[in-house]
Amino acid sequence: MLFMVEMTVRIPQSLDPQVAEKIKADEKAYSQQLQREGKWRHLWRVAGLYANVSIFDVKDADELHALLTALPLYPYMEMKVTALAQHGSAIAQN
Amino acid sequence: MLFMVEMTVRIPQSLDPQVAEKIKADEKAYSQQLQREGKWRHLWRVAGLYANVSIFDVKDADELHALLTALPLYPYMEMKVTALAQHGSAIAQN
Amino acid sequence: MLFMVEMTVRIPQSLDPQVAEKIKADEKAYSQQLQREGKWRHLWRVAGLYANVSIFDVKDADELHALLTALPLYPYMEMKVTALAQHGSAIAQN
Amino acid sequence: MLFMVEMTVRIPQSLDPQVAEKIKADEKAYSQQLQREGKWRHLWRVAGLYANVSIFDVKDADELHALLTALPLYPYMEMKVTALAQHGSAIAQN
Amino acid sequence: MLFMVEMTVRIPQSLDPQVAEKIKADEKAYSQQLQREGKWRHLWRVAGLYANVSIFDVKDADELHALLTALPLYPYMEMKVTALAQHGSAIAQN
Amino acid sequence: MLFMVEMTVRIPQSLDPQVAEKIKADEKAYSQQLQREGKWRHLWRVAGLYANVSIFDVKDADELHALLTALPLYPYMEMKVTALAQHGSAIAQN
Amino acid sequence: MLFMVEMTVRIPQSLDPQVAEKIKADEKAYSQQLQREGKWRHLWRVAGLYANVSIFDVKDADELHALLTALPLYPYMEMKVTALAQHGSAIAQN
Amino acid sequence: MLFMVEMTVRIPQSLDPQVAEKIKADEKAYSQQLQREGKWRHLWRVAGLYANVSIFDVKDADELHALLTALPLYPYMEMKVTALAQHGSAIAQN
Amino acid sequence: MLFMVEMTVRIPQSLDPQVAEKIKADEKAYSQQLQREGKWRHLWRVAGLYANVSIFDVKDADELHALLTALPLYPYMEMKVTALAQHGSAIAQN
Amino acid sequence: MLFMVEMTVRIPQSLDPQVAEKIKADEKAYSQQLQREGKWRHLWRVAGLYANVSIFDVKDADELHALLTALPLYPYMEMKVTALAQHGSAIAQN
């Protein structure tokens, strides 16, 4: 099942820069692993913002929740989740 | 270049049902043609709503504007447009 | 999988009262059938409003979309859909 | 009487992690006690968010207020409260 | 139990003025009956607006819903409902 | 003249708990004095929130401003002020 | 006592142009009478909009309500009312 | 040219009280100087809030910007600026 | 003096298509005349929307108001006006 | 391709004033370099606010994102990005 997730990152100025770099590196590695597994199907940057638009392909809302809350940047992210269905005019299957 | 377009359809109750059906059929044909041409790259239904999330792959904002305003349902749609850039952690190119 | 759906009904004053009564009766019958089948698990009235809070138990977003768009009152409803996951502190399973 | 309560948790980064863990454990125990007593009738996780949707079954607004303000996480929560009535199409009694 | 109800009236220009006057007269009579019964405890005009702030004293949300939906102006009103509890610093009982 | 004032309290976590308790005690005493003087005519708790709905009976906006800014909790409160007029259907005088 | 009133006019396209012109002329005459009486102390146009910012000097909210609801354009106006007090740094009295 | 400026002050709790008092005194002196010069034509307190509504009479937006950013409280203020034009029904000139 | 004006056009479905075409043609001619006179300095389309972002160079708010309200499409437009000042880092003069 | 970017700056009070001055000087130099290169085509101050309206002329969203995130003030800015297309009534080319 597909979900659109819109993530906005707000890292507080008080966070130690080295800690921040470590978290971002972990985030990137974890994100790329999920992409290779096909669970994080698309990842786009919102131009100009520290934000992304993502499409997740998961079994259900429980798997989505587990994946998202395991993101290293999760404590610094604001999330918006939208459940997606097959569109009747789409030529591809979800 | 990629754009996310979020479309919400509001067909007024006063529209003649036959006219409405004709517009929807035209919309579907036009939408599928753009999908086959690779310009309307993704089309997902927002679950429960008469709305979709779409990804367009176009040369620039002018081409996007031309494609969207040519939609048969355009006069009945509310649009939200977001410009997308390559995400540094994405394993695929936009 | 569970979804919370918040529905607000706005029947236009121009709708023929007899037509409106027929649609509402159909809505009630369809809603009760889905409740008996266990797909519309909960249905509560928002006090003072022509609105409800509902919990649906469906296979996925596609089934939810099919059920909701088949509601006789669907053309007159505004919908808000929220995907629900198992809560770690809940003593019941979703 | 039923109330829907939507809770969003925002634990400040400055809170000592051990203190935070203690508060969360207390919250879980208290929440499960209220669930077993039938006062916290439903508890669902909003997928992707540190938030929940809950249904409380209490005598009145005073009891609801007492229960909610006694939550160990209460100082870190944003609440939205909606009073629920019996829906005329529901096959179950509230 | 007390509820604050904020009502905003929007009578469409298309409504027959005589019908509108009749509905308003019925509304006034019904409102004053509920005030005399002690169920509509307070009724204040929001200065400058076709809107009011009201306090209802009812058994529960079901009674509130029944009273409000019986208002002659109900189809033309937008409602906001807030459940009220006893305030610890109030010198009067709710 | 009557004003509805909606107050939401946000005490920062950084405030010394003893100082906070002292401020709350002062607030309660001051609030009850104003209630006894008839200036703070009603005080209700918004169920579930650290917020209240209040009705003030004052000479004018200047007196209202003086009373509110003298509240011990004022620096931690968000206020919404609404001027109230006599409602034509009210059986009581403001 | 002073109130700031922000008025936005929305005349429906369906209103007969001659009727509209008559209403606007009445509005202008009534508005200028109130200005000469000192009750409508200031009247400014919001640049680019069919809207104004006004300052009323009235006895209380009841008088304000009576004046505003007597405006010929009142049924086509959206109002926002703000009660004003004497500012401690103002060199003029309200 | 006239501008309406709505200012809301938010002084952080962390600001040294003596520094805060000094800034407020400077603000008052500067504000009164501008009032005497006729540039800050009106200054009203929003009842109940640490906020004001002001009317500035300046040559253009550049002068307005220079005056506002020179306010001692400027770093702690949220501003909303509205350009005002002559109203056709006003009996006074702007 | 410069103003940014954001215009959104909403032509009602009920407007006669021939009348609409005439209004749009008049709008285009008038807009191009103002551009040639240097008063409508920039005009950009918001991609995907029936909306534009414009920069006007006028003497003051009165001239802006006169120009905008003379637009043939004015009755069908929603406007947002922002006064612009010289930016300290700009290499060009406004 | 053109983008409108609306930037609002929020420098935290806790930032060292000397560091802040250095960042602002770097921002000015970088901004003027981009203006001279023709990439930052327009830069206007929003009157009264620590905010600007800018027009960028870039190859695509990727270049825009690279330019914006390289701004020295970027960590302290809130951005709103709008893609612009050629307007059919504009006498100039984008």
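For reference, chains read A, B, C, D, E, F, G, H, I and J in written order, and residue numbers begin at 1 within each chain.
Criterion: a contact is a pair of C-beta atoms (placed from the backbone, for glycine too) under 8 Å apart; a residue touches a chain by one contact, two chains touch by 3 or more.
Computed from a prediction, not measured in an experiment: that's the story for all the values here.
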Joint neighbours of chain H and chain B, given as chain labels: I, J
Partner chains shared by chain A and chain D (touch criterion as defined above): C
Winner on C-beta contact pairs when C-E is weighed against B-J: B-J
Cα-superposition angle relating the copies chain H and chain D, to nearest 5°: 145
Separation of mean Cα positions, chain J and chain C [Å, integer]: 46
Distance from the mean Cα position of chain H to that of chain E, given in whole angstrom: 39
Junction residues of chain I - those touching two or more other chains: 2-3, 45-48, 61-62, 64-65, 81, 83-86, 94
Category of the chain touch graph - line, ring, star, complete, other: other
All pairs of touching chains, each written as two labels joined by a dash: A-B, A-C, A-D, A-J, B-C, B-I, B-J, C-D, C-E, D-E, D-F, E-F, E-G, F-G, F-H, G-H, G-I, H-I, H-J, I-J
Of chain F, residues touching chain H in the complex: 3, 5, 12, 14-15, 61-62, 64-65, 68-69, 75, 79, 81
Sites on chain A touched by chain J in the complex: 13, 45-50
Sites on chain A touched by chain B in the complex: 2, 4, 27-28, 31-32, 35-36, 42-48, 52-53, 55, 82-92, 94
Chain F residues touching chain G - in the complex, by the definition given at the top: 1-3, 60-62, 64-65, 81, 83-86, 94
